Amino acid sequence: MAKLELRRVVKRFGDTTVCNGIDLDVEAGQMVCLIGSSGAGKSTLLRCINLLEPIEDGEIFLDGSDISIPGLDPQSVRGRIGMVFQNFNLFPHMTALENAMLAPRRVRGLSRAQLQPEIENLFEKFGLADRMGNYPDQLSGGQQQRVAIVRALAMRPEVMLFDEITSALDPQLVGEVLDVLLLLKQQGMTMVLATHEMGFARQAADKVCFLKDGRIIEEGPPSALFDTPQMDETKAFLSRALK
Amino acid sequence: MTRIFALAAVSCALMATTALADGHCAAGKTMTEGKFTIATGNPAYYPWVMDDAPESGKGFEAAVAYAVAAEMGFAADDVIWVRSSFDEAIQPGAKNFDVNMQQYSITPERDEVVDFSTPYYSAPMAVLVSPGATDTPATLAALKALKWGGVGSTTAVSKLADIVQPDGDVLLYGDNADVNAAMSANQIDAALFDLPTALFLSAVMIEGSKVIGQFPADAGDDLDQFGMLFEEGNPLKTCVDDALAVMTDNGALAAIEAEWLQDTTGVPLIK
Amino acid sequence: MANDEAGGLSRRERYEKQQRRRSSLIAAASTLIVLVALVVLVPMAPGWEKVQKSFFNGAVLAKSFPKLLDAFKINLMIFAWSAPAIAVLGLLIALARDAKSPALFPLRIFGAAFTDVFRGVPVILTVYLIGFGIPGLGLPRPWNSPYIWGSLALILTYSAYVAEIFRAGIDSVHHSQRSAALSLGLSERQVMRDVILPQAVRNVVPSQMNMLIALQKDVSLLSFIGPVEIFRQAGVFKSLLANFTPYVGAAIIFLIVTIPATRYADYLMARQTRERR
């Protein structure tokens, strides 16, 4: 049984079908990268897994139990699946530390004092120890994105979803954020990424899926998908993306 | 000779179309030659003007107006009525009336901005109480304890502070109707009006209210005297004053007052 | 090198300095011309003497000013208890209108009806209807006081406006903030309270400041139902002295309070625009 299983997931916005029957298995500790052009359905798929968007058809299993049953309270599931967004989406009225503490305090019912050691530890680990008291607009893009990752980790999720988290960063800041992902992989975090960083996907992913028009066209280990793609669409995309 | 006679006839005919003979006091002093334009309130109230119809000559001020006009040599048909608000009348600038009659109390301050005729009525102040306070004795001590209201634009406000000196804050309103509303809502117990207004309100406007007393006419330093209002410096004032003097001397004014304001008796003096 | 020239200013800096000096001179000159025109021309108008006597009478102002100030305390008092109530009720109405649960549907309808009605009726009518109407039902003293019901009329009317501003503020918070908060496992209610509202409130502070300034002026409408606040006190002086100067005095007192408040609101607004850029 995989950690996360998607079966024939369909998502529509009005007449537009954004995910058109997606099957995907993510094993515990695996890093899966979703690649493909903008509009292929990568981000929407991540939002469906996090239950931010209800799916029209299909099932999503976390540890073997269906989390996509209509009417299920999404709150408990979201605590187990962390998500990080392209534009960081930090809460601008809170310091970095308060951003990270809000959800554990409210959802897990812990006090600031109880949380302090654990969260400070996270900030230290990601090189943000001296930034905890800063507000988001006092931080660089790379720092903000790392705070956003800390914030998601503070809920102790079992799976992490990353939605193009380096796309809004200046090129010289991309590295510091990708390093964080490598660190998480080392620690055995199960991760699904939507990304345009082909080099990173090739180097770090356990599995790469190429999406087009809401379908997974081709999937496999990075060496296979990048070096010997089978499908014409994959070849065309890669030749453009790697140019 | 016949020509001269014809000319005289024509000039006689011409003169007949202007109402006033040469040498008459008001000649050349009214807004419209030969007409006497009088302003009243909008609407005008009993007992000053009956049924809001000043043309009828019924009601105290309407009757005085026609009597003064007649004394000045105007026919009833030459009296033109217009309406005006209080503020319009005391603003600087040109007026749309020769005289304005709507119970204007004569005060030195007002007199600096506009002109007043000699008084045509002297009104004592009276106390109107709400249905819940009709048992209040007519003594100053009892009156002080009441919750007082009044119309903010009248001289009653300063009289209230000078004579009654209420224990609590006074509530003030824009017009009689609002005082009525406040009395109906039991927000005030009593209000100070000139006697005719108080009688009118108790009889017509505020069900169950009562005029429990009047202040002696010499109470306080000044009596509320009503005068006709003119634009500052209007030469017509002397003509109106003359007419009023004649009517005061021959008792005509007193007769009109007796006819329209006779109820002024029967309300006890406040001790 | 341009920097070696006199004063150590660059070519561009010298040019800009010259331009600045020129605009200040022009501004000063045009202001002077307008002032001279006002001071010289207005008194030449034929009615000026009468107007001056009626509206700008020093003796009348001196006589009425202390009492006007005293009456203004009543305005401040009514303002002081109305403003917090308006903030609370306005926020509740805004939240009611955005309530999503079907059980709260009646609340949503109520919120919509409330804002429609109270924004649609002139304040003075609401003051009259509530100020005289509800006490007219037969409430005992002191519960029929015009201060209570007049204030309530202001509170209801202003809450309707304030609620709409709060709603605009809630809408102004980007939906990605909501997504981020939900993805952390927060409930809808927690998202609103901890993430959306604090930002929404901060975004609308300048607009709400303008509402406070408007409220400060509209407190005077309570004079219609009895309280002798500054507008009524000025009216009493006007009738007593047949002179409009007390109104000018009241206007001066209002301006002393509202001009700094208006400037402050504008400053907040400008700062917020700068931050958003």
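Letters A, B and C mark the chains as written, and numbering starts fresh at 1 in each.
Criterion: contacts are C-beta pairs under 8 Å (C-beta built on N, C-alpha and C of every residue); 3 or more make two chains touch, one makes a residue touch a chain.
Note that the structure is predicted; figures quoted are calculated from it, not measured.
Work out the mean Cα position per chain and let me know which chain is farthest from chain A.
Measuring from the centre of chain A, the most distant chain centre belongs to B.
Grab the C-alpha centre of each chain and report whichever is closest to the global C-alpha centre.
Smallest offset from the overall C-alpha mean is found for C.
How many angstrom lie between the centres of chain A and chain C, each centre taken as the mean Cα position?
Taking the mean C-alpha position of each chain, the two centres sit 47 Å apart.
Which integer distance in Å separates the CA centroid of chain A from that of chain B?
86
So what's the Cα centroid distance for chain B and chain C, whole Å?
Roughly 42 Å, centre to centre.
Considering the complex alone, what residue numbers of chain A touch chain C?
47, 50, 52, 74-76, 78-79, 81-83, 85, 87, 89-93, 102-103, 106-107, 148, 151-152, 155
Mind pulling up the chain C residues that touch chain B in the complex?
Going through chain C, the ones touching chain B are 47, 50-51, 53-54, 132, 135-136, 138-139, 141, 144-146, 223-228, 232, 235-236, 238-244.
Looking at the complex, which residues from chain C come into contact with chain A?
Of all residues in chain C, those touching chain A are 176-177, 179-187, 190, 194-195, 198-199, 202.
Which of the residues in chain B end up touching chain C in this complex?
Where chain B meets chain C, its residues are 86, 90-93, 107, 109-114, 147, 149, 152-155, 157-158, 169-174, 178, 181-182, 184-188, 232.
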